[in-house]
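Take this structure, written in structure tokens, and hold onto it; I'll ask about it next.
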Amino acid sequence: MSFIEAENLTHVYGQGSEQEFTALQGVSFHIEAGEFVAILGANGSGKSTLARHLNGLLLPTSGVCRVAGMDTRKPQEVWQIRRQVGMVFQNPDNQLIAGVVEDDVAFGPENLGMEPAKIRAQVKMALQAVGMEEFRKFAPHLLSGGQKQRVAIAGALAMDTKCLILDEATAMLDPQGRREVMDTVERLHQQRGLTLLCITHFMDEAARADRVLVMEHGRLVQQGPPAEIFADAPKLHRLGLAVPLAVEIAWHLRQGGMQLPKDILTNDDLVAALEARYVH
Amino acid sequence: MLNNIMIGQYFPGDSFLHRMDARVKILLLLILLMEVFVFTSAPVYSALIVLTLALILFSGVPLRMVLRSLKPLWWIILFTFVLHLFSHPGKELCRVWQFAITQEGVAQGTLISVRLMLLIVLSTLLTFTTSPLKLTDALESLLSPFKKVGLPAHELAMMMTIALRFIPTLISETDKIMKAQQSRGADFVTGSVLSRLKNMVPILVPLFLSAFRRADDLAMAMEARCYRGGAGRTRMKEMKLARLDYISLVVFAVLSLGLGVGFYR
Amino acid sequence: MSIELRNVKYIYMPKTPYERIALDDVNLTIEEGSFTAIAGHTGSGKSTLVQHLNGLLQPAAGEVLVDGVNINAGDKEGRIKAWHARQQVGMVFQYAETQLFEETIAQDIAFGPRNQGLDENEVGERVRQAMELVGLDYQKFRDMSPFALSGGQMRRVAMAGVLAMRPKYLVLDEPAAGLDPRGRDELMAEIQRLHKKWKLTIVFVSHSMEDIAKMADKMVVMQGGKLRAAGSPAEIFAQDDLLQETGLEKPQIMQILAQLQQAGLPVDTRAITPEAGLRSLREVFHLC
């Protein structure tokens, strides 16, 4: 059994109305516990709709979504699912509820009915895990975008989440904030085996994943390791996406007749490959 | 333009007023306000003024900031005072045009003005020394006995929490939209009241749309974090009365009793 | 002709506990016809700076001149001239789509020109032209609600609303923020076309060193409310110390080239765009 199993997910908004719109069509995939998966796709390709099926915020029009063996359509199981699958949304300003950082992190555990002493321990642990404990008394509007997103991550960790979905959580951040958030979640992924699902427009973030899913018009059109997905740069451009710069450069050099390994993803990969090719 | 609005009135500190349980503070404030209304004699009022000044001193909030809270109501206080000057028959002091200022008028005017000032200062002292969050928690707790008669105490408190959280966000949003429309030549300053109201449309429409979008996002985020109303919910910060609160309650009871006895004797 | 900032100082929330100097003695000239990028950390004063360019914020000290006219002039005669001077500077805010409010796209774009007091014929003409400029088909879109569009298209409508006022200088605060890669590329190409074809002077705030390297001919670096450096992007990106102190990164291609140079490859580390970097790599490896 995989941690997340999506079978033939289809979602139709406004079914039967004039504005009927099929946002997801027959999407199937599995995600293993501890995996780091990136989801790519142009705006409107159905990425966010897909993500919202994975913690039962949306229910499939047809098809099934199971998390840790539980069905998102069963009302008695959905709370258990949401506890295990935390979500960080795009706009850092619209997901913190309380006027003080530590109270916000406590929001999830409070909803779960934990004992006050246990909540305090969870909040402390979660804020430490994202490096925000010194800001625990701060009001959210005094924090930077990256810091707000880290608080949102802590809010999920405090519920003992097993999996974190970042729904374009870095899209509205400056480069520093983006780095803060990605470093934080990658560290959690490595140290705690947190399952990571990253919806993003930043190809460098996707390049660090174990696996990449590519969406187009509500369909899952490609999945595989990043090197494999990015190998076909023209195809990604056709889908309205991009590839990491190192991949792009390598692609152009290959077009010029140069022999380079297929799995170049990062700057370091490219530099190493070019160094090896260079005859002093 | 909107930057100058002070957000909330909370003045962080560590005085005993800050540390006191917010529910106790609200109750004591209510008692004090009642006393301000019930008693009218000069000695009791002097005692209340001294008490208020002492509280300000203990709170660590600069007197200047407390007085500033009177500023928006300064005119009302003055108006009430002047109104009372002329409207009480009694021993005439002097005449302005054909209206007489009486000794009783001066006394009554002073009493009412002081009463108003005490009301405002004491209430602001509560908001100065209590964070909005503690205030909402206290209200939820104080109102919860009324849940039985159908009062949605939890929902009210949650709404207040969210409103407080989003005030700064919406203020900066308003500022941004105003600037964007000003850049497109919009004018919010000149013109008749009606045309100025009409000119607000380019601000209000985007602002409402944005507020709805935020509400949508927030509802989604709350659901994702297992929110399903107040039932079964616990709180990280339990509200427990500490020794300080009991002492304050006792001291206060004695003081109030003293005032009452002093007045009716 | 130019926008000129002379010793501009701005104090955020003066006389409150939150008082802070947000701009400190900034001197800057933006020449007509230039393409200027403003870079710097969040909170370095970039947005405060650009809001001075059309009088949204008034300096506490110093002055802002547009084509030689003080745009914050207070006297009666100066005020009218100042108003006209401010109209020369169009401002597109971050996430500009949030400022839309009218029922149709054409109506929304007409808001600016109408405020300028133009007659309806002229307004209609301006709307049509502005929509063309941002690549929105006039016939197809004019009667549509702006809220029926995608985020990227809404942003174009907002841009058209500013362009319809025919500014000489166009200021954009992170115009591509939040768009997907294609949306980004298209919007940035659009801005480049406005600069080249319509001779608009562009000032843009950006966190993307790639965009700056690709498009700007002048780069301004802000830090702690002070103008830290100004020059061509190539000049700025060549100063490692400056970049480090101001928390900016070199464009990725420069990072790759620098690594290669360290490894002993004779690459041209002055290349700031991927295209130039590729040229250098092709030379080094004798590719066609």
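We just call them A, B and C in the order they show up, numbering each chain from 1.
Just so we're on the same page, a contact is a pair of C-beta atoms (placed from the backbone, for glycine too) under 8 Å apart; a residue touches a chain by one contact, two chains touch by 3 or more.
Remember, it's a predicted structure, so these values are computed and weren't measured experimentally.
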item: Between A-B and B-C, the pair with more C-beta contacts; value: A-B
item: Centroid comparison with chain C (C-alpha atoms), farthest chain; value: B
item: Distance from chain C to chain A - Cα centre to Cα centre, in angstrom; value: 31
item: Chain A and chain B: spacing of chain centres that average the CA atoms, whole Å; value: 43
item: For the chain C and chain A complex, residues of the former touching the latter; value: 41-43, 150-152, 177-183, 207, 247, 249, 252-253, 255-256, 259-260, 263-265, 274, 277-278, 281-282, 284-285, 287-288
item: Touch list for chain A against partner chain C, complex; value: 42-44, 90, 144-145, 171-172, 174-177, 201, 203, 240-242, 245-246, 248-249, 252-253, 256-258, 267-268, 270-271, 274-275, 277-278, 280
item: Complex contacts: residues of chain B adjacent to chain C; value: 3-4, 6, 173, 176-177, 179-187, 201-202, 205-206, 209-210
item: Residue ranges of chain B in contact with chain A within the complex; value: 131-133, 161-162, 164-165, 168-169, 172, 213-214, 217-218, 220-228, 232-238
item: Residue numbers on chain C that touch chain B, as the complex places them; value: 12-13, 16, 51, 54, 56, 87, 90-91, 93, 96, 98-101, 111-112, 115-116, 147, 161-162, 165
